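Structure, as structure tokens:
Letters A, B and C mark the chains as written, and numbering starts fresh at 1 in each.
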Amino acid sequence: MSAPDILKPYLMRIEKVKEEAPDVRTLRLAFADAAQGEAFSFRTGQFGEYSVFGEGECTFCIASPPTRRGYIECTFRRAGRVTSALAALEEGETVGFRGPYGNVFPIDAWRGKNLLFIAGGIALPPMRSVIWNVLDLRGDYRDVTILYGARTVADLVYKDELAEWQRRPDVRLVTTVDPGGETPDWQGEVGFVPAVLDRLAPASQDTVAVVCGPPVMIKFTFPVLARLGFAPADVFTTLENRMKCGVGKCGRCNTGRYFVCKDGPVFTFEQLKGMPQEY
Amino acid sequence: MTAMENPNRLIDRQGLARLFARWRGEGRRILAPRRLADAGPVDFAEVTSPDEVSFDHVQTVQSAKSAVFPRVEELFSFRRRDNSVELRERDLEALPLTVVFGLRPCDAAAFSALGAILNWDAPDRLFSARRQRLSLVTVACTRSDEHCFCTSLGGGPGSTAGSDLLLTDLGQGGFLVETLTAGGSGLLAGAGSLPPAGAAADKAARLARVDKKFDLQRIGPALAARFDDEAFWAGQSLRCLGCGACAYVCPTCACFDIQDEGGRRLRCWDSCGFALFTLHTSGHNPRPRQSQRWRQRLMHKFSYMDERQGTLGCVGCGRCSRACPVDMSLLEHLQAVAEAKP
Amino acid sequence: MEELRSKARELLASGAVQVVIGYGRGSGGHARALFLRDPGRAHELVYDGSCLQNLCVYLLKPEVRRLGKPALVAHAAALRTILQLAAENQLAEGALLALLPGPGGIETLATFAAIEERVAALDHGLGAGEKEELQRQEAMTLEQRRDFWQEQFSRCLKCYACRAACPLCYCTRCTVECNQPQWIPVPAHDLGNLEWNVLRAMHLAGRCVDCGDCGRACPVAIPLHLLNRKLAAVAEESFAFRAGRAAKADNALSTFKPDDPEDFIQ
């Protein structure tokens, strides 16, 4: 009896396609084999390898929370060969999925703490899973603050969910667009995420921060957090690196002693300090 | 009789011929070093008789890793059916029984490093199935060259680690045969009765001399201390052309790519030396300079693998240095690392 | 050799160049590329029969360009390479000094015109062994050649040492690195290997200066240089053009002239 094939994907049916922003879409996927779907579980922070058979595989986080069963979601921007192929598929078509891979956001350890979520642009998807996971277990956590920014209003993803978070009294949502990205009826902030964070000046006491965004945003956000008193071990991020196997064997995502696919994608800033900047 | 009880024996060329015939009769594929043409390179090829096998070379160009980690390997095939897809897995039972004959002790030791990579945490089905069907009949080294450094890494020209059988050429057409595993005992069954090796069979006297060239204990700490020294890595790698020759001939390199093609998902060799290896779709490259890629090669083999998988990613076979078009001698560079003043 | 070392010392000490790209002693006593920056280490330079590598491959490498203006220890093939790179707008006038060791001492060639003059006077013919090797190929029937090359390419690893060693393969993003579409398959199977090698030969047709480094670089001893050598000869027949003779030249395969032969159009 041989071991299960770790490089063989589950077959998934596209249940729903949602265009989030120009070139950005979300796919809701259901297991073609219901029994596999029943047996499947994952934890927030994990990712998968999504196949278009004949084109290849692509790495995305699982953007839906583990608290919602029966499907998984991924959100991506059309950029290369596989994402272009995914962007052309319709509901009912079949893709592949391998996972769940990687480590998790330690949300159990965060119980009783304030949570500060900071995301930029297309980096909201990795955070969406953990945000919904937390909101589905709302009583376990204290203050939940979300700061999300994009280049322009059109580039904001999950617009419906942003509206939902805005309406909730137990969530503080601040959205911002880059200067020049606002529309005449824009009600949110205008400014780069690090600048808005600085103005917001959230308390760091008993607070865990999660920051996901393009490298330049992270570069300027972390010093603001440090000024506000956040310790590097209390600031989490997700790293991205070129991947193929997703299970620590092909060597591609190896960064220092770490493999982003096995030791990540969730890392604290404390861990980043001990890692070569090869991501 | 267990491998432990099996005394060392002697075998001659006729005995080897009987073994090859028996192995072939059992449906085993035999891979052995064969010289390409007169004065040409020696490389592993499928053979049927020991007459085709080269015994007078120091080392083959390529390693024997293709026996468990082929250059191109189908993972599964797929076919579209309306909106759905059918996946067809590989039939592991159809994988061939294989004997690699004539590999060197460094090569035999390399298979455990490959396993440490490919079976890390979760087993790799294809690699494991091939490894299970593989027997290693190693021939000890009676010659070495300046590129060999097995002894600096804990190996040696007569080392038995990883082999099923180890043959040592005693001269006059005879070999000493050491049986290391039960599988090795089984392999010898077809040779008929082999005389036991007496006291005169002096293996040590026949082995090549491979002096220790650097102190391995210094390498790990020296690499860590040198990590941010851009000038050091740039100096070492200036003539490197960024091809994949070193990784592809290496017996312990197992980095791979996955490509979909013609209804099949294929796994194929890849190298961290290529700029494309780490390139993001966005155009961002975490290792944009050859000096960083060269550093990665050394760090991965001599630091990261040791720390995470408990084994070095190198056996000192010297192939990378021999194959390199521009003489990037790994041995020389390791010596420089070990001796570099902080 | 001592003259070469003195020349290198002088050039570096005066600041005329910042690096001398030459040969040093490597494994097994063979020569290998050396990047000399310190005039005090000029004794490391060597020049002998093992100095075959075409050092021009380093002229376009960013890491080497950053070192500053080079002097390059050149042989006939390297001089041809410099001219072809110039013809393809990859080298500017005055970008380097070519140092040509010869019986009369070291010639320093500072301009493309000087290099052209020197190249015109040199013998670029094939040696007896090389002629024989090519004739053996040409004597084969089409079927024999197909079988020969299929067998050779079955050993190809797609390590791209041939591409990496070739000074004319300077594209920063090679055709094989494009995946939309994937023109040439990545895995090293027989068809992909054939396609890769034929593609490279075609991309060099009319540009190859026949230095032979590709064949020397191949770790599994495939005589790839024969493909390039043959195509260079075909290009000369078809277009009356030999790469590496002039610093200003049109590309043979992509330049249209009204009087191009059209006898193949029926």
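Note that a residue touches a chain if its C-beta (ideal position, glycine included) is under 8 Å from a C-beta of that chain, and two chains touch if they have at least 3 such contacts.
Keep in mind the model is a prediction, meaning the values are calculated, not measured.
J.: What's the chain with its C-alpha centre farthest out from chain C?
T.: Centroid comparison gives A as the farthest chain from chain C.
J.: Any idea whether A-C or A-B has more C-beta pairs in contact?
T.: Looking at contacts between chains, A-B has the larger number.
J.: Per the centroid of Cα atoms for each chain, what is the distance between chain B and chain C, given in Å?
T.: 33
J.: Measuring from the mean C-alpha position of chain A to the mean C-alpha position of chain C, what distance in angstrom results?
T.: Computed value for the inter-centroid distance: 48 Å.
J.: Using mean CA coordinates as chain centres, what's the gap between chain A and chain B in Å?
T.: 40
J.: Two-or-more-chain contact residues of chain A, please, as numbers and ranges.
T.: Counting only residues that touch two or more other chains, chain A contributes 56, 80.
J.: Any chance you could list the residues of chain C touching two or more other chains?
T.: 182
J.: If a residue has to touch 2 or more other chains to count, which residues of chain B qualify?
T.: Where chain B meets two or more other chains at a single residue, that happens at 257, 259.
J.: What residues on chain C touch chain B, complex-wise?
T.: Residues 26-28, 30, 32-35, 53, 57-58, 62-64, 155, 157-161, 163-165, 177, 182, 185-189, 213, 216-217, 219-221.
J.: Taking the complex as given, what residues does chain B use to touch chain A?
T.: 75-76, 78, 80, 83-85, 87, 89, 92, 117-118, 120-125, 128-129, 227, 254-260, 263, 265, 267, 270, 272, 277-282, 284, 286-287, 292, 296, 299-300, 303-304, 307-308
J.: Tell me, which parts of chain C touch chain A in their complex?
T.: Touching chain A from chain C are residues 179-180, 182.
J.: Which chain B residues qualify as touching chain C in the complex?
T.: 36, 40-41, 43, 61-62, 71-72, 145-147, 234, 238-239, 241-245, 247-249, 257, 259, 261, 266, 268-269, 271, 274, 276, 289-291, 321, 323, 325-327, 329, 332
J.: Looking at the complex, which residues from chain A come into contact with chain B?
T.: 2-9, 11, 13, 32, 51, 53-57, 79-80, 83, 92-94, 96, 215, 240-242, 244-245, 247-252, 254-257, 262, 276-279
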